[in-house]
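Here you go, one structure.
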């Protein structure tokens, strides 16, 4: 089983998506269980790849069609990609199990196909080592996200989807212009070779190209002025899909942004782009937290909180220091777990009580104690209370920000997290200490998942060493571009 | 009014900025790096004469795999969003005499021409996508000409799925035989058609993949047309 | 000055963006979006053109160094299909909006806000 | 030997979690009490070893090395906290009916111990936040508004501290106290950290520890938080948690003392930064005592009085002289004991009568004799009457203030203790003596565990009152020098001596004589309740002053001008404005229109273009 079998990570979801029309006849239940089976298989492969990369310490380079880069397209599954492909697979598996109960709207086979293709898109975006291939996988994720946002076919869902399409469309077009410029001046599309040749680029082309690529990816990664589509898309999408959005779809965009940013560090205008990104990221945190303060719909509130945390990760990446990138990756892992937990729980409440408004959550402690406990753990963790996992990564990010000298950014982030604490604890109070209700039975599968995620949050909180060492290796994989170029077996092509 | 003026000013500045960026990439200059490698080695490495097709299918086959997925998502998405319990064609006016007889005559030839395009992908310009689109136009003609005509929706979906799987299977066979995903085992290992480069039976697995893509694009685009044309019938 | 092709491509992009920024009807915005995508595709192809050379089909007459850069043409093939896919998706969503809201005016499609 | 620190630190937390998980009526209380007793037991066991050399322990968690050290000072603070903690556990065995309370009470106990023991900023910040969070959850159960006010203020403090830690980390590259102190010490001469940055760091630390200690501008959370939670927990809340704030000020001296001196110099021969702290303390004492006097609710009264007393400690530390530190440290102990005792007495009263307003109480002395005796000890100690520990510590603080030539600050102390006496006497009379309302006829004595808790805190009051030398000998070890002379029963300071034993004997003799006169002297007779006459002018209904109902109304009218400005209303307005700003920001930016969203994208492109073109 040499490394090339890692390409199954891409092939498996694809072939099973194409297989769905053939088994459509077996009925809705069969399709849903088929979806669970495929995501389980994907988790298995991802775990194998993760174990392979982390034991040997060397990244797996998958070369499509036996062509060595830059002639062919290569998948660079380094420490970060292995880690995050596993997170993508695990979260998709959990959401597939949740979809059994949560999705009732009709063409279930189409839903299964789109679900698999979102997972494929995110995995591809994280694993690819070619800049145009990144664009293609970003489009796969984006278009299936458009379809899934509008899946409920209600007025709001369609509205959210049209917003996402228009803004996503503009973003990806400008991203393509950026690629055209980069290709025009360097002649290659392979990321490693771009990193090598980036120094020699003409200054204005580099500046325009880098700015456009960063702009295109920033739309996908929800930085401040460009994330207007995000709250609507999170709110209107079906519940499992929202959890997938916040857990890994946006993170794939953020990762791509970080990866290209650090690849192009030889470009002259690099530092001013970083400064711009820091301002945008800090504003994201600020605006999103304040927007969540008086939300009537809990799902939209958690969507805002998720956008704010992603802004925080963006800030960590934009610092340009090794400690910043490590902290950002660690926060990415923690945030994925916490937000998957929160959206799963809120989705579960919305499915059983028919809606995610604040009134539905009154007295939840009496009606659905387990889900209420899960939301409480998720909320407390998201605020950054010690003995929970987000505390460690938030602390690291703030220390890195202050270390890099941006004390104003740290101050703004902390004011925003005070606001975050207020609205999360208001939610906890409404759940446990207000309102009445008799106990409702909670599905076994969902309760198990909630407990698993809550336990994971507390375990990483109490004993973060293992998670931190993985995050450090993954952070090094992004930050250390020299290693990246060394690992990719570039053929001496042309010049 | 002010809004339009503001828009124009903003766009002019952005345009100027893009132009400034593009000035650094002068038009018509030879800056080829990887492309030169492709042009030099395309004949003996892939057996195709049309370098673009070789790049699309063989060298950067992963892109095309993603490409096919994007179109598959489009057709599934349109199917998912416009799905209704009961859907019928509600077109009222039959096509004019010219249109109906023309369609009856031309439809098979258009399909044949589409097939021709994607079978000769590795020799002549165009490949799976244009071929598939031509086939879809044949079905569009049928839709416009006859108010009752409907493509066999269920079978088209099955064909779409099967052909998609075939594409990935070709890649997986490459993985099994040559150890690399999407490895062109027909050209590299079997060496089939090495002698007659430039004629039909050459180009490794490019014609195979292009036939697959042609069929897939054809069925998908006609599926999209079918979804969009039908209205919900509530009874 | 930049060449006519670049000028054409950039102006197409700007026209598309103009339509999105100013037009009130969703369909017109989508048309603007596809115009912009066509503009980008034109730009992508014109980046690969090398003056004085012909299409990269290496039949009898054309050797490896008489051909134009094939890669942008391969990329455009993919970009066009992505453009088609986005537009198809957008149109079907627009159909749902019209069905549910009864209007396509951007000002009125504002249920999700705040 | 090593993991003893871990046992001390995490025993309460583990006990709390187990108690919360088991949630069985009897067992829960037992586990809680054991969990609270372990730290005190181990501290006493370790006392002989820490006298020679401190015990160190460090664990690495996710890349940070958390160092803990039990030295003389941290032992002192930890012992005070665990004493009050044990009393709280006994009290909570009666007053709390939810396992939820046990979990968070013991979690805050671990937090406080951790704060005192930790030797590096990461551990310090982690346990500080844990302590804040746990105490917040105790208040959240009963009152959302007060708890959120408390949480927001203390989280702002905690985050201010985090920024200061970050800035220090950026400048010194170190996180643990030892190397920070060393680098700052050297830096005082070189001055790489500019005075402006030192001022920011000092200001941030001041806010952080000021919030926790309840210094004036940041004290608004105290009345709400102290009164809106399980009363026996408030004994710990105000007894031990506010000490974390005081400990922080001490930390400031240790870590940055020399640097601050070098940066800010002196202000007519007082250290400028210490002068600021002294004045903060003085203002807190005066303002809090005035507010305490005017309260009608027993819990609010003690809340403000607790803020005032912590003001004393800050004031003592602010004097900057070693005698000031000695007085402050002694007051840390005495405040913890008598304030803890007061809160346990309140818990007993509220448990038995269910009333919290003075006007509904009266004549409880016969009904609850033991609680009355404990209340009396607490009253004497707070008012600073000789045989009690309160007097010894206040006396030391007076001595220090006078010898530090700060007349105005000394004046604030006298005013503060006069007002303290005023509201304490009011408490004594209104609750215990006088006419008993009819509905309190069947009031019984408080249950046994609560009585044990009260005794636990009353005995040290007496012991350290009569023999203050015990404490001052230990404090000399902390400050490392013969700061307060004399043996167990006598305190000798440069300006005066206080012989506790002599005074106690005199008092006992006096009491004996008074007892004789009382038994054999004039018979006591029942007198009808009569309204008090207000120097001639007719007593209108709204001006009907009695010991129980708005006794200090004239004082309130006199202070009319000052009472208009209340920090509380100011903070409420600021919070309101923040929420409205949030609303308007959200409506403006996310207005739902796709076109405006695409305009945002165009604007970003414009910014990129302008930045590129220019």
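Labels for the chains are A, B, C and D, by order of writing; each one numbers its residues from 1.
Here is the rule we go by: a residue touches a chain if its C-beta (ideal position, glycine included) is under 8 Å from a C-beta of that chain, and two chains touch if they have at least 3 such contacts.
Just so it is clear, the structure is predicted and the values come from calculations on it, not from any experiment.
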Distance-to-centre winner among chains (Cα means, whole assembly as reference): A
Contact pairs, highest-scoring chain pair: A-B
Inter-centroid spacing, chain D versus chain A (mean Cα positions, whole Å): 45
Cα-centroid distance, chain A relative to chain C, in whole angstrom: 27
Centre-to-centre distance between chain D and chain C (centres being mean Cα positions), rounded to whole Å: 67
Inter-chain centre distance, chain B versus chain D - centres from mean C-alpha coordinates, in Å: 75
Residue list for chain D, restricted to those that touch at least two other chains: 586, 590, 592, 594, 598, 602-603, 605, 608, 612
Touching two or more other chains - residues of chain B: 7, 10-11, 14, 17-18, 20-23, 25, 31-32, 34-36, 38, 60, 63, 66-67, 70, 73-74, 77, 81
Junction residues of chain C - those touching two or more other chains: 13, 17, 20-21, 26, 29, 43, 47, 71, 75, 78, 82, 85, 89, 93, 96, 109-112
Complex contact set, residues of chain D against chain B: 602-603, 605-606, 608-610, 612-613
List of chain B residues in touch with chain A within their complex: 17-18, 20-25, 31-38, 58-63, 65-67, 69-70, 72-74, 76-77, 79-81, 83, 85, 157-158, 160-162, 164-165, 167-169, 171-172, 174-175, 178-184, 188
Interface residues, chain D side, partner chain A - complex: 60-63, 122, 125-127, 129-130, 133, 136, 140-141, 144, 147-148, 151-152, 155-156, 159, 162-163, 165-167, 169-170, 578-579, 581-583, 585-586, 589-590, 592, 594, 596-598, 600-601, 603-605, 607-608, 611-612
Partner chain B, residues of chain A touching it in the complex: 2, 4-5, 7, 10-11, 14-15, 17-22, 24, 62-67, 70-73, 106-107, 110-111, 113-114, 117, 120, 124, 128, 130, 132-133, 136-137, 139-140, 143-144, 146-147, 150-151, 153, 177, 181, 184-190, 202, 204-205, 207-209, 212, 493-495
For the chain D and chain C complex, residues of the former touching the latter: 586-587, 590-595, 598-599, 602
